[in-house]
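Same chain, two partners: chain A is paired with chain B first, then with chain C.
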Partner chain A sequence: MTTNPAAQPPVQGLRILIADDNQSDRMILQAIVRREGHEVLLATDGREAVELFKQHAPDIVLMDALMPVMNGLEASRAIKTLADSDLVPIIFLTSLQDAESLAECLDSGGDDFMSKPYNRVILKAKINAFSRMRAMHAQLQRHNRQMLLEQQVAKTVFDNVAHSGCLNLSNIQHSLSPMAVFNGDTVLAERKPDGGMLLFLGDFTGHGLPAAIGAMPLAEIFYGMTSKGFSMEEVLREVNSKLRKILPVGVFCCGAMVELNFHNKSARIWVGGVPDVYLLREQSGKVERFASAHLPLGVLDPHEFDPHSQDVVMHNGDRVFLWSDGIVESRNSANEMFGEDRLNQVFENTDNPDRIFKAILDQVDRFMGGSDRDDDITLVTAKMVDIEQIGMTTYESNKGSVGGPVNWTMTLALHDQSLAAFNPLPLVMNLLMEVEGLRPLGGQLYTLLAELFSNALEHGVLELDSSLKTGPQGFGQYYLEREQALAALSDGCVRLTLTHRPLPVGGELILEVTDTGAGFSYASYASEEPTAGATSETAPTADSAAHAKVQWDYSGRGISLIQQLSDELTYLDDGRSVRAVVRWPRN
Partner chain B sequence: MEPQGTVRYSITQREAAMSDSDTPMQIENHLDVTILGELQSLLEDDFPDLIETFLTDARVRVRELVRTVNSGVPEDIRQSAHSFKGSTLNVGAKQLSDLCRELEDLARSGRTQGSRGLVDRIEIELDQVESLMRRSYL
Partner chain C sequence: MTVSAIPSDNGREMTIKITGRFDFSSHQEFRQIYENASPDIKVYTIDMCDATYLDSSALGMLLLLRDHAGGDHSEIRIVNCNEDVRKILTISNFGQLFRIE
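== the complex of A and B ==
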């Protein structure tokens, strides 16, 4: 407020409580206050003052410090408690002189003093000043209520957009305060159509609505693209460009994204501006750290953005930990930070890896002494498990069409430049999900398509050796070579032909994927096939490593998996072309 | 009721005080006429009522002072002196409030020696204030 106080109209019509045990003093005060046009309530001791306050809710209290029955200090504490968040100024009437007694008056909730003898001009000025303060306070409260209301609405909208994804899965634990969106913190998790999972932890700069606002498009993109089968790189790229476009300069999102692949037991980790992501090995108890190698999301222009991740092999029971700087930067009463050393100690001192998540929260809580704990602690951890433990993805589609297109053929041929720049799977899946009968098979069809396409691209066109995938550096090395080969690609093509036709009962989808590569001798694999195919007729069942080996043998072409997912599988033209048939309803 | 001894003693003092003549000069030794003038214009018709109330209340306060001085507990003396000081300040009885402050300060230092003498002087001063107020303001 910059209004000149002198220009304010005289304040009138307040209800003022006078508490004084001395009758002549009361008379004088009452006369002064009435003269200014205010209503007067009179109390002769502290208890009466509190009673009158309860009954009549006066605007301002003039309180004698020393009174019988209940003294002014006690009464003022009681009144301040009753008033709660309302501002009820209490002016102490006193002839106290020493600083200590005056300070005690203020400590008990008093807002000002008025010394005896009472001065009419001064009292009037004080009443006016406090009246203005009350008006400002009331306005502030109105604004605050309005803000809380708006936050609630914003949070509801946010919750609708961000929902909880798959954070409730048994292999995920997370800590995120209900209002964390207004701290700028976000935790998201969503399944991919092939059963994999994307995990994201984000920390927007700033607080309040400006921090929350960016989380909405982020969540929308994350969920939409992940469930449609876009890769982690594509999701990151899209999130970055969107945030870059909509957020003002200086507002961005530090974050980490992890993709877990439960089939081939691997993870891809991208860290931009948040503390190191930890990978805890269950067998050895050792922690591997993945430091931030990128700028936060929303900083760089799309062409400068680097979505490359670190690839790592995981075993069942291995866990990733993602967190915002809230944990290491939380402070105790001595203003010390929790720090990385204490965090590492939690890992060293906790034997059961399942307990580490809770141990971290407990230790931070204890460190902060409980009293001053803010809810800024955002943490998510996910464990590598067999996919049976968390189930396959249910491919959800919002498409409303009933029946949909039932007899059609589509051919999509991707040539060298397109192969490097375009992922056809979401597009194709979008079309397949128009067919009502195929919707329940979404996850399975995605996995089938993804396998057939990547075999054609990586082993056919790019001629990559899948034996690279085994070994600790395997995936990293493999993806690196894949990228280099893609960049260097000058010819080659992958052709997808999809045909759907109705059958007397249900229908059938025929997928043909043809590449321009050298082909491979599928016969030798096919002869071994019945063994693998027979052991796992429906969904994969065997546990972890042994199973993964069966599935990912055959030069990494995942043939047994492909066979499980299709009703017929045929290799043609020396392995350059593959034809898979899926009929529905399945079984 | 006031203890017998105190009454006898104070009567002698009172007679001594009364022997002076009332001059405007003397009023201003005891009363702040500016404050009283302001109260007069503030309270208008209620002003005499205020003076009567003050004087009645003051007698009660002085009796309380005498009681606490007799009991000899410094903290009690301090509180009642402090309380009386407040109301005397408000009606401009400046000599009276000075004496109250003196007694309050004495009691705050934890001493009681000299408090009886001060209470006696307070009683005499109250008599003086009463007669001055009655003569000039009622």
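== the complex of A and C ==
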């Protein structure tokens, strides 16, 4: 539409309501307005004007200020209320001259005024000007309706994509406004096949659809990769490259990702561009902060991106808190920000850690008081618990085949740098899930495979000492050493051999994992009271009895877990090779 | 908020001064400045001495400028940040992409 008045043809055919108690004035106005080609409605007082407005919905109203029964000011207030969001211009006709009376006309909802006696040329120009304004207003409203409609559709699609995760688990609390996706905020949580959990809070640049659009591929990648067993680093890498590729420069996603491991009670925390992630210790009530150490997602090219996390030991009852800057930047009516100090106060003043989540929301709400609530308060918290409390992951497979291959063998050998560059678990799991009988065992098989593979890689090929993992700083140290050893790896191999064969009832899967490391004294792991002979003869390290004890004590992970998950477990070749058998159906 | 540009005498540098809140409302203005800048300009300085606040859209604009000025080969300094501005730049780790002084 063009808004250049010079280019507009004279406006014709409007419906114009004239309200004036003076008959001769009414007649003069009617004549002028008719001559311009408009339809005229006539009222002799305010009440009649309101009635005619209700019945005929005129486009413009010419209103005398002083009339019997109901004066023009009152009538115009009533008409503006009836018109609601439609623009119905009201032009006051008045012989009043003092500034105060004229201002009162506008204050009561009038849009303009004209002094008597009426000037035909000016009246015509005013009607034309208001008609243009009406057209613009109507177009704005159409655009707005269209936008709301589009947002609704986008929101529905987004809800279907984003709300497939595990945010409803009992150890998670989150706050996200229903329209938050259009603030660019998003919260995602999904279980890993081994029972672990990935948590993500993101904040895209900007507002509206541009901010919302990146959340969809992000959620797809997050859910897809996490549930297939990719590591947090791999999920972050993929999200970063995808966003980098599809989003224009200048649009990116600030975010934090946390991986919780409920078996070994640890967390890995990655923060890129959002405020510190808090870790609240239940025992001491102390807060540990994890500051943003990375650029936001979608800024750096894939080869520059750094997915390294900060690793930390957790205990049951410890909680992580992730938030966007919406909380500290909430403003009250005096335009002050809520700020970090007030946030920290909430942590100090709330004794019961279960109440902190609600206390934060309440305090922010109270702080903002009457001022417009931003709906920008995005917050998620998750608590470390025993896996029994939230259950194992149900491994969902959307494979349609019935039966699938039951008699096959596959060998995959990863050499030196391929061990650093490639995670074989999702690939192997994909194959295993082709076998219908194995599908109900998905989570268990993943955990078994993951444990066997990481033992072969970390303790076999890389010769890392698992006792490192015990101290409070141990996890970080362990992963740091793992990373350094992987980067320097020039020689070594892990070979996975999987065999599935049918049995008279069901079938059996044989997993063999062999590494080129120095081996280990598996006897000392198999029992809490290792035989002296086995330890001294085959132990690769002198402190292996203590080492074994540590690993055994270490939350029942490691070999005791592997034993529980398999029907048979055999170590061969001084611990360099392990063979696990899983038969189905399991009872 | 306002954005103003001061080219240097040698024609190779430009200082862009930000006043008030640096947010999406200044997108157009900011963009026009660097798009209309002479191609000889190789070095940009963003002067934040009168900037009170910046939001994530402003971070996006800084990235657009960086892209325009040659990406990894660009030379952009961000100077005179107040505490709030510096904090936002620190949280987003923009120090990896810009010289923040």
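One rule holds in what follows: the second predicted complex is superposed on the first by the 550 of 587 C-alpha atoms of A that agree within 3 Å, B and C clash if a C-alpha of one lies under 4 Å from a C-alpha of the other, contacts with A are read in each partner's own complex, and residues count from 1 in each chain.
Going forward, a contact is a pair of C-beta atoms (placed from the backbone, for glycine too) under 8 Å apart; a residue touches a chain by one contact, two chains touch by 3 or more.
Worth saying up front: this structure is predicted, and the values here are computed from it rather than measured.
In the overlay built on the shared chain, the residue A:P275 is in contact with chain C alone; chain B does not reach it. With both structures placed on the common chain, the touch criterion links A:R366 to neither chain B nor chain C.
In the overlay built on the shared chain, the residue A:D203 is in contact with chain C alone; chain B does not reach it.
With both structures placed on the common chain, the touch criterion links A:I28 to chain B but leaves chain C unconnected.
When both complexes are overlaid on chain A, the residue A:R289 reaches neither chain B nor chain C. In the superposition on chain A, contact is made by A:L66 with chain B only, not with chain C.
When the two structures are aligned on the shared chain, A:K54 is found in touch with neither chain B nor chain C. In the superposition on chain A, none of the residues of chain A is touched both by chain B in one structure and by chain C in the other. Those residues of chain A whose C-beta lies close enough to touch chain B in the complex are 21-25, 27-28, 31-32, 35, 64, 66, 93-96, 116-118, 120. Across the complex, chain C is touched by residues 184, 203-207, 249-252, 254, 272-275, 291-296, 299, 325 of chain A. Chain contact summary for the complex, chain C toward chain A: residues 24, 56-57, 59-61, 63-64, 67, 90-94, 96-97. In the complex of the two chains, the chain B residues touching chain A come out as 32, 35, 38-39, 42-43, 46, 49-50, 53-54, 57, 79, 82-83, 85-87, 89-92.
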